[in-house]
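Same chain, two partners: subunit A is paired with subunit B first, then with subunit C.
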Partner chain A sequence: MPGRAARLLLGTLFVLFLLFLYGPTLTITILSFQGPDGGLTFPMNGVSLHWFGRLFQTQAVGDLGASMTRTLLLAAMVTASTVVISLAAGMAFRRRFPGSGALFYLTLASLIVPSILVSLGVGLLFNRMEWEPAWYSSAFGAQLTWTLPFGLLIMFAVFNRFDRAWEEAARDMGATPWQSFWHVVLPIIAPSVVGIALFGFTLSFDEFARTLLTAGSGNTLPLEILGMTTTVTTPVLYALGTVSTALSFLVIGGAILGMRLLRRRRGV
Partner chain B sequence: MRPDVELIGVTKRYGHGPAAVDGISLAIPAGSYCCLLGPSGCGKTSTLRMIAGHETVSEGDILLSGRNVTLLPPAARGTAMMFQSYALFPHLTALENIAFGLRMRGVGKAERLARAAEFLRLVQLGAMADRLPAQLSGGQQQRVALARALITRPKVLLLDEPLSALDPFLRTQMREELKRLQRELGITFIHVTHGQEEAMALSDMAVVMDQGRIAQAAPPREIFEKPASAFVARFIGGHNVLELPGGRFAVRTDRTRLAPPPGGASLAGQVAAVEYQGAAVRVVVRAPDGQTAEALLPDGLFHAAPVAPGEAATLGWDAQDAHPLSPNA
Partner chain C sequence: MSRWFPWLQAAPLALVLACFLLVPIGLIVVVSFYDYDSFSLIPDFVLTNYREVFASPVTWQTYLKTVWFAGLTWLVTLALGFWLAYYLAFVVQDATWRMVLFVLCTVPFWTSNLIRMIAWVPFLGRNGILNNALVGAGVIEQPLEFLLFSDFAVILAFVHLYTLFMVVPIFNTMMRIDRRLLEAARDAGAGFWQTLWCVILPLCKPGIGIGSIFVVVLVMGDFATVRLMSGGQSASVGLMISNQIGLMQYPAAAANAVVLLAMVLLLVAAMLRVIDIRKEL
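And then the complex of A and B:
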């Protein structure tokens, strides 16, 4: 137990950290409730939902509805692919296969390579091949280079602690390898699989650098927001920030709630 | 009687190192309780896992009821295994865990749950059907694991250190229960343990293993009274292994006395330790040549003529109690 002074210092540091973490989000949230005549900065000129209403009308610049739809669809695709591929790869890596070491380091390398270079590379490749870059092809691939290594690392951690005796017991009782996966392995690691899905979704939802040069003509939401920061001068931008932050919290909260319910059903 | 389980020259090698199990041959009579006993790394668990089919056999054959099962998968052998960690599925209730084997065999839900309930009663856990493993105590988890292994009606039950995770009180209780179940079901139990007390209490046949080989396979009384080697005598405990003028001998500590009987053999030295154990007192004597031997004396006998560390003392025993050992094993 640290002393009084140390606790005070650590406490202050922690509060500062929280302020640093949530201050900007909070500021934007507050400003998004700016009155109809309010501007981009404090002071608040009244309180209203005006800018949220404006969000869903046609914009002079930017198409929020379409970019939001694209982003959500892309995030769903990335999430599903990340879960399926990480799970399969995690199972494969449990036993050494020829080239498994090299494959592992190659996978990790894409975490280290600067995102913007990955984006540039994928963009250039599509250009050379004379393929049309689009959010559902080139951007999808570029985002997977980011989410897959994370998913795989989580699976490694999961299977490191996974007791092989469970599978042996299933085999002992006559389960086929597929039955053992479906009835034993998958239910036991389900919480981690949900975690990977959440990870994939949030990484994709706000991914910027890897999408920048690969999204083609249809912008994703983060790209659209960047475009708007330079052109839009109304708090509608803040309203957008508030809505997308709320959406993120909703997804995470929903996942946590789902896991709680699942656990309660199991009675843990 | 035809043996239930027969091992013929069974060898297990991991990589290029020395064999973990080195050409062992063993016949276990049907309906008997057999303990594989030995220090860690002696190959007892590998042997069990090869019988179960969870480890491939490098050389040799395994026969169950006269059928060669060396290459068969675990579920096709007629064995069932109870794992050291129990390996209960954490997401299934006690009842569902027990029903798992039937579920994999495609038995309908109502029937398999009814049969699982029957086995849950067999291990006296009828009220715990809906509990998850995490909500059960260690002893209860073990009973569930036992019921789960028995529901497929195996001819041979394989138990990997089943009592090691339990506290001493529970261990004795479960020991009795395992023996009772084995008697009632009349099937063969093969039980891996490193505790000689456990093996003595349970087994009809104890197999002492050392460095991948069988050091001695016999009823426990025979092992205790006529250990085949110095290793067996030391491992089984309760023996002094001594180099005497006539060769190497094993002498039971409870047959060793502080006064040499007329015509008996003896070892003179200095008392190195005196340990009070309640009903008995353990006296350790060190001879001038460095050998130590101990006597386990009934407390009455000790207190009639007590000794203290540092005093001179002579241990003695009847000549017939000195069991000769081969000098090199």
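And then the complex of A and C:
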């Protein structure tokens, strides 16, 4: 244990880091409520919802409603697929099977390959095959290469701590493999499954590098933001940031709250 | 249970990775040997794309700059991340407080990186909060120009975005250190620094390794942070690739992509020699 002065120093460092972490985002959240004549920085010229209103006029953003719907649908698709695919693969990896080593390294590689390369590769694939890239096909696949490794690693962490006695007990009592999975394994690992879903959602919702070349003609929300950073010089950009952050917190908070309610009802 | 069952369970994962990772990367390698003009790709086997990568001093500088960004960001996030994790694991005594502070460190992960970059604009701009405060306090007379749209801003944004990738794994390994080891070190007469160097640091190596891989890989492949925060005044390999894509020079972009991928894989392989992450899950 370090001395008193050192502890104080580390505490100060920690507080400063939190300020550094949250300060900028809080600042643009405040600035997004800037009055109609306000600029990109302080002072605030009154308080208004002007810039949020501007968001929904077509000249400010391409088409906010459509890109938002697209982003949420894509995130929902990616979340569901990530949960199902990594859950299944996680179950498979509990035992060695021929090729399990290779598949494990391939999954790790998927985490390491820079996003822009996946974007370029999938874009090229669709280009060469003369398929039309779209958010629900090429962008969907490109995003899965990013969310699945996270999902699988969480499953590894879960099963390394899993007590097999529960399953053996289920089997001894005559449960089929499917019954023991559905009634025993799944309820025990449910919190981690929700964790995988949250990872899948947030990684998809905020992704832009992997969708850059693969989203086709319909932009997602992060791509709209990326486009706006070079052209827009009004607080409308901050308003979009605030909306996007609020939306993702709403979904994540909702999921956590839903899980709590579900647990309470089951009396766990 | 049938012998084929695990394969069936792992098949969807294998299929997705084959279609959207293996085949695309293979295609990048193939296209990197293609010829091209301003309208189309010409299937061929030429080395001109690679020759351009290695013959141009500008490209060399861009690669060096990328490594420099990655190295500097790694040093800062490691130093910062280590002490933040140390504070959480060893200084904070109350478990609830520790959890609250840890969660506070990870919340920004759930928000968009782009927005967190944009958030620096009102702070660092010529008439931004920092300059106004400094001028107001009489520290400087002229607003500082280097704050926004500079290498400083790029590194600042990287540190802002990626420090949590260091904090989380290091904190994780620190929490698993048996506290009796620290007591034993003290009883054996080790001081603070000696305990840190001979006990804590070696036991944190896996966490440091995982954090380092994340930070280095994310910075090496970045294009948006460098573009946004340097205001087009600096370059990285990722940005160069994305510019070449914008100009439809796919084979040139592909050649750079292959070189970048080789660099990243070599770096990660070197780091994996030091740690075995499979033990860490």
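One rule holds for everything that comes next: the second predicted complex is superposed on the first by the 260 of 268 C-alpha atoms of A that agree within 3 Å, B and C clash if a C-alpha of one lies under 4 Å from a C-alpha of the other, contacts with A are read in each partner's own complex, and residues count from 1 in each chain.
Here is the rule we go by: a residue touches a chain if its C-beta (ideal position, glycine included) is under 8 Å from a C-beta of that chain, and two chains touch if they have at least 3 such contacts.
Computed from a predicted model, the values in this text were never measured in an experiment.
Clash-free side-by-side placement of subunit B and subunit C is the outcome of superposition onto subunit A.
In the superposed model, A:Ala209 makes contact with subunit C only, not with subunit B. In the superposition on chain A, contact is made by A:Thr41 with subunit C only, not with subunit B. In the superposition on chain A, contact is made by A:Asn160 with subunit C only, not with subunit B. Taking the Cα centre of subunit A as vertex, the centres of subunit B and subunit C in the superposed model span 90°, given to the nearest 10. Once the two complexes are laid over each other on the shared chain, residue contacts for A:Phe17 go to subunit C alone; subunit B is not touched. Taking subunit A as the reference, the larger set of touched residues comes from C, when subunit B and subunit C are compared. Contacts of A:Glu132 after superposition on the shared chain: neither subunit B nor subunit C is touched. This overlay, made by fitting chain A, leaves subunit B and subunit C with a least C-alpha separation of 12 Å.
Considering their complex, residues 1, 5-10, 12-14, 16-17, 19-25, 27-28, 31, 80, 83-84, 86-88, 90-91, 101, 104-105, 108-123, 125, 127-129, 132, 160, 163, 192, 213, 217, 220-224, 228, 238, 241-242, 245, 250, 253-254, 257, 260-261, 264-265, 268, 278, 281 of subunit C touch subunit A.
Put simply, subunit B touches subunit A in their complex at residues 52-54, 73-75, 80-81, 83-85, 87, 89-91, 100-101, 103-105, 130, 132, 134-135, 148-149, 152. For subunit A in complex with subunit C, the residues that touch the partner chain are 1-3, 6-7, 10-11, 13-14, 17-18, 20-25, 27-28, 31, 40-42, 84-86, 88-89, 91-93, 95, 97-100, 103-104, 106-107, 109-118, 120-125, 127-128, 141-142, 144-145, 148, 152-153, 156-157, 160, 177, 198, 202, 205-206, 208-209, 212-213, 222, 225-226, 229, 237-238, 241, 244-245, 248-249, 252.
Only residues 163, 165-166, 168-176, 179, 183-184, 187-188, 190, 266-268 of subunit A touch subunit B when the two sit together in their complex.
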